[in-house]
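Some structures to go through are shown next.
Next come two complexes built around subunit A: one with subunit B, the other with subunit C.
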Partner chain A sequence: MKWIGKQGLVSGLALSALLLAGAASAKDDITIAMQLEPPHLDPTSAAAQAIDSVVYVNIFEGLTRFMGDGSIVPALAESWEISDDGTVYTFNLHDGVTFHDGTTMDAEDVKFSLDRARAEDSANAQKALFAGIDSVDVVDPQTVKVTLKEPDGNFLFNMAWGDAVIVAPESIENIKTAPVGTGPYTLGEWVQGDKIVLNRNPGYWGDQPALAQATFKFISDPTAAFAAVMAEDVDVFTGFPAPENLPQFEADPRFQVLVGSTEGETILSTNNKQPPFDNIKVRQAMAHAIDRQAIIDGAMFGYGTPIGSHFAPHNPAYVDLTGNSAFDPDKARALLAEAGFPDGFETTLHLPPPSYARRGGEIIAAQLAAVGIKAEITNVEWAQWLETVFKGKNFGLTIVSHTEPMDIGIYARPDYYFQYDNPAFQELMTTLNSTTDPDKRTELLQQAQRIISEDYVNGYLFQLAALSVAKAGVRGLWANAPTAATDLAAISWAE
Partner chain B sequence: MSRNLILGAALSSLVVLAALLSFVWTPYDHAALNIPAKLQTPGAQHWFGTDHFGRDMFSMIMVGARTSIAVALLAVGIGMSLGVPLGLTAAARKGSWLDELIMRGNDLVFAFPSLVIAILITAVFGAGAVNAIIAIGIFNIPVFARITRGAALSLWEREFIMAARVAGKGAARISAEHILPNVANLLIVQGTIQFSLGILAEAGLSYVGLGAQPPTPSWGRMLADAQTMVSFAPHLALIPGVAIILTVLGLNLMGDGLRDLLDPRIRVART
Partner chain C sequence: MLRYSLKRALSLVLSLAVASLVIFAVIEVAPGDPASFMLGVNAQEDTLAALRAELGLDVSKTERYFTWVAGMLQGDFGVSYTYRTPVSKMVADRMWVSLPLALYALALSTAIAFPAGIYAASRRGKAGDVAVMGATQLGVAVPNFWFAMMLVLVFAINLRWFNAGGFAGWDKGIWAGLHSLTLPAVALALPQAAILARVMRSALLDILGEDFMRTARAKGLTRRQALWRHGVRNALIPVLTIIGLQFSFLLAGSIIIEQVFYLPGLGRLVFQSISSRDLIVVESVVMLLVFAVIMVNFLVDLAYAAVDPRLRSRT
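Right after this comes the complex of A and B.
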């Protein structure tokens, strides 16, 4: 190309040099999209997972914390000693930890946080985590002693939850909109209905994270989610809502798809107090009427692991009990006849918005119809679901994913919305909570899985998969979701 | 007869025939799930392909036509049976407080965007075909009331009505025996147009999940279900979309054609 003069060539070189320079200094900001916007930013006073997805280990930290592989490691507590009888935990706190407002984090703040969470009038969504605490005492500014009523093998695990993070009394009043924690990121800006921006905290006590800024975007519509990722408007989408689109991202070299496990047991929740579901034969018949693989393939496009009880398959104590409820429509019909419903019966099926429920519900309704059970579908929004089903217990059947880790204990609560009342199981859970020996605990947990599986309390469908899409250059994302979290400090861009 | 009328009538009757046929025959059971056979493209076995649950799209379109027609027809029925008497009453009592009450009430209903209110009604009273019918029907009332009153007012000035009054007939009898037959043409034309709007409204409500609930197929919900799959299975969205377009187009063409044929004012102007 003769017509390019000397000057053109020189400026061309200069331009490419500039471009190279731009590429060499790694990108240090990221845009992460998720479906639900948090209602507020206080993880210690609401059950909403969306709060933890933004603030957990970014803004707020606890004494211990979850890692991406589900393990529990020290966080604000540097180390701890456990008394021989297992009831006294003495935590040694990290030196020089400050809150974002400059105040020092010390044993008084730990005492304040734990006492606040377990108080009579506490708004904490997981008060059971703190129920075993007898007293919290400040030994010195760097040491705090927690005394339990009885030994609790779960205590360090409990302290890692987002509901157990350490907060400061000075900033507690406005925590919902101006959260002040000890974490590696501070709240920059929150544009309601759109995004939350977090900035790197230069005064962080630990290592400085790679990313200087992170923007969380909230895109609830699956079609818009697909478009936003395709157009590269967002760098990461965690909890991608449309599994049917993942093969396209996998085939596209611009993206990576992460498929991991979650703590979400997806179940056909059954109102155990409402006839005819108070009859175990009816529940067993439904379990045999359901073809799990068809639901996983049809609703989740193959993403999901079949379960036969309320327990995560990646947990070491898991027992495969799917055999208890193998797909067998003839057996289902026979059981219905035995229960006194040879022609089936009518009931309702409430479906919240996620596609596992809406699509799964259509499939289950068809499968139940095949054995004579007519389930009338009602699609509901989350608010309506909470009101009618969860609080009002006014339902026959519903589909929902229980995403809290290790939540088999909900079956010991007769007032919980599916209303399973079995004193033997409740006693088992009491024994489990006071057992610290790991082998004994595993045995008890397996016994618990068997009891609810053989009682056919709910229809056990599948373990929800953690589905994320990211640009190919993003490193350090959690594939699994042991708890709701976006660990920004672990994320970086490939050079 | 105009070309519009013929084309419109042909399209409309095709849809009606498909809906009627679906009562006795569809190629497959429209509600039968066959997950391994999901997302097939149109072909010899499944003429319109299969959806994400492996259901036969052709059967779903046929039964969906039934849903659309039933909802729209009943909604127009509600609108006519309430709107026409209101319009006749208002015209008969022109200028009275009753006329004012009816017409200002109409204005009130008219002032709201109809689909938004239909969404509100179904959201409050629950989603479902019956509530969709009521919601769409309510918005048809003022349409028919207005058109009836307008046409009836000019009739009340005519000599044959004067003659009827002189003969001692009351307003109610005159309305029923003389006014109504003379506005019937107009109502048929308007009914056709409203019918097509009803089909569109039903599709809109189903699209946002407030129309007929699964497993009853509905074109609007088929569209909504297809949204995330457009990029790899475009037939899922195209087929119900085209069905809605052709039905609404057919009804509108037929409505226009009928107006040309039946409306006395246009007929006079043409000759």
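Right after this comes the complex of A and C.
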């Protein structure tokens, strides 16, 4: 408490100084609310998206980074050369980059970060991103050479993830509570359970951002979220949890509502190894029994884009395959009869906490019941879901939004919880990974979308929408969420 | 008095021992591996094993139970799995919100209930009594989270007198802190005040029918004098019991109110920890709450003895 007291006093003084100085000029601080609080602030050792939502490109930066439109651009790496065989990446680092503690960021730090992430005892939640790295070599302080075991067309994309940010050996010890990165913002204070304050980093290597200070608040209750925005306690709420209230904000000139897309393919995951789901006719029947639009309207209040495969509609390589599984209960019944279940069957439906699953699950259960499939609903918490469904594979159906970007590769893993095992698809993914030519990659990705759509691996429902509410004067917020991030440097207040 | 206190103390220790066992068993039985929760769906098996070892989850449950209890006896409540901060520090931080909130609510509730109860008792059957009893009936029936939302709607969204939630922090001054705790305290206090007022009234009415009250009136005291000198004091025993129970409830039961007002208190900590399977935090905080509740009851027992001399001589 004492520690917080002192910190709070200092930042309180700083804040009042800012308020005095800023009285004449534009507002340069912002309060951003989100539902979940990060457990700690190390993006390289946990899966919690809330960590990235606070620190990604604010405190920590990687060699490359995501932009709001999902594109990958250089970050700490100014440029790079790729060898002809596609296995050696030589990164040229930016000059004059320092960490928040004043130490220089150089090739040694890059080597340290990548080696740490792929080490045997690494706690990285996305260790697979680094599995293809054979060695990391320091050429000179500004140049680092990464050698891959085989060509990987995804490598620059992988290096943009929050799990691949560059950290320093000097400050790694306390990274969870005192993160030291290279980004445009430094950690001001963290009152656990309440808020995280970030301050502009005057020593930042790039352009100085417009906002001097940002406060993140954590409000998990949907009603409280509504009240906080309405009472103007917060300036922005990203990932707004109560879609039913959005029309009210849209009608209010004090606010703006941003509706974008996330990387979350929301699917009715199906246990492909469990009878009767090992029969493609049964899976196809289910696909035709589902009315996507009814789920989007009923569970998400109309926010969400229908999908027909496991691929984000905003991606340039997307093909619309919703036609493969058009809503047709008669066809569903016919297919079930063909598969030997004229009277349907019984199964289980596990629903994790998010409203897309709980609300959507009720609707899907009703739709399946209409063709004779009786799904018994079990509500589970995330920890329980991971244990029974994801690890135990002890389920028939479940509803989950797969939020990792470009994660169609999970269909090439036969031991993945929905247990889809198709050698042709696995081979296609191997080819894709070793292909760097963009046109060829697009073609392969489209093939991949078609295969899993036509195999009816899972019930493809909709792309989860990114919903944010902000005061009307806030500019530069990301509408889409290509990765979990709050790009503070892009945000400013209208004059 | 000493024997009475010793007996109460012994039962306190026993209750704590049983509570620790029950808490540990219940929380450990719930499915869900903390390490998988933290590392998510793409975590590799070796990464999970490394984390489990780091968190001390790779030993048997019996061993973990004894390590936990032994630690608590020495004042060490373990380190949070997710936050990697000592639980005692987290609890101490959150206590600065939850304890003042509980006390604030208790003070409000008592300040409302005492006059209301006494007034109603002294006006038994008249319009004033009916009005107070009607109001308390409503107060008992209204759920506090709903009432909290109504408060937010009126005082935060429409009138803008208060923030819709959040805690300003004591470092911004006592006023700022109390100001941000006012709506939650009112939301917590009113239903409690309603109960307390009803208890106060009925306790007083019981007393008013006692022989010694008649004697007091016969001695020449006015109704009012008799009520204040002999009635209120004797009505305090049942009222104290309720206050003790209410304090425990306010401390442990503010989980929902802390969610509604997103206050960084103990209730919210427990809530977050349960969903993230931060077992050690849940176990230790619940244990501390049990300890607080048992302590409050213990103190209330001692307070009985102080107000009721008969209990002191009883063995």
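Definition applied: the second predicted complex is superposed on the first by the 471 of 495 C-alpha atoms of A that agree within 3 Å, B and C clash if a C-alpha of one lies under 4 Å from a C-alpha of the other, contacts with A are read in each partner's own complex, and residues count from 1 in each chain.
Following the convention adopted for this analysis, a contact is a pair of C-beta atoms (placed from the backbone, for glycine too) under 8 Å apart; a residue touches a chain by one contact, two chains touch by 3 or more.
Worth saying up front: this structure is predicted, and the values here are computed from it rather than measured.
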{"item": "Three-chain arrangement built on subunit A, subunit B and subunit C clash or fit", "value": "fit"}
{"item": "Touching partner for A:D152 - first (subunit B), second (subunit C), both, neither", "value": "neither"}
{"item": "First (subunit B), second (subunit C), both or neither touched by A:T388", "value": "second"}
{"item": "Subunit B versus subunit C as contact partner of A:T223, first or second or both or neither", "value": "both"}
{"item": "First, second, both or neither for A:N379, with subunit B first and subunit C second", "value": "first"}
{"item": "Partner chain in contact with A:E263 - subunit B first, subunit C second, else both or neither", "value": "neither"}
{"item": "First (subunit B), second (subunit C), both or neither touched by A:D487", "value": "neither"}
{"item": "Touched partner set for A:D235, first subunit B, second subunit C, both or neither", "value": "neither"}
{"item": "Subunit B versus subunit C as contact partner of A:A365, first or second or both or neither", "value": "first"}
{"item": "Comparing the two partners subunit B and subunit C, which touches a greater set of residues in subunit A", "value": "C"}
{"item": "Closest approach of subunit C to subunit B (Cα atoms, Å)", "value": "6"}
{"item": "Common interface positions of subunit A, toward subunit B and toward subunit C", "value": "223"}
{"item": "Residues of subunit A that touch subunit C when the two form their complex", "value": "1, 4-5, 8-9, 12, 37, 39-40, 46-48, 120-128, 176-177, 191-195, 217-221, 223-224, 227-228, 230-231, 233, 353, 381-384, 386-388, 390-391, 404"}
{"item": "Contact set on subunit A toward subunit B in their complex", "value": "222-223, 226, 242, 244-245, 247-248, 294, 297-298, 359, 361-363, 365-367, 369, 376-379"}
{"item": "Subunit A partner contacts - residues on subunit C that touch it in the complex", "value": "30-34, 36-44, 46-47, 50-51, 54, 82-85, 90, 92-94, 96, 149, 152-153, 156-157, 160, 163-167, 169-172, 259-265, 268-269, 272, 275-277"}
{"item": "Residues of subunit B defined as touching subunit A within the complex", "value": "31-33, 35-36, 38, 52-54, 126-127, 209, 213-215, 227-232"}
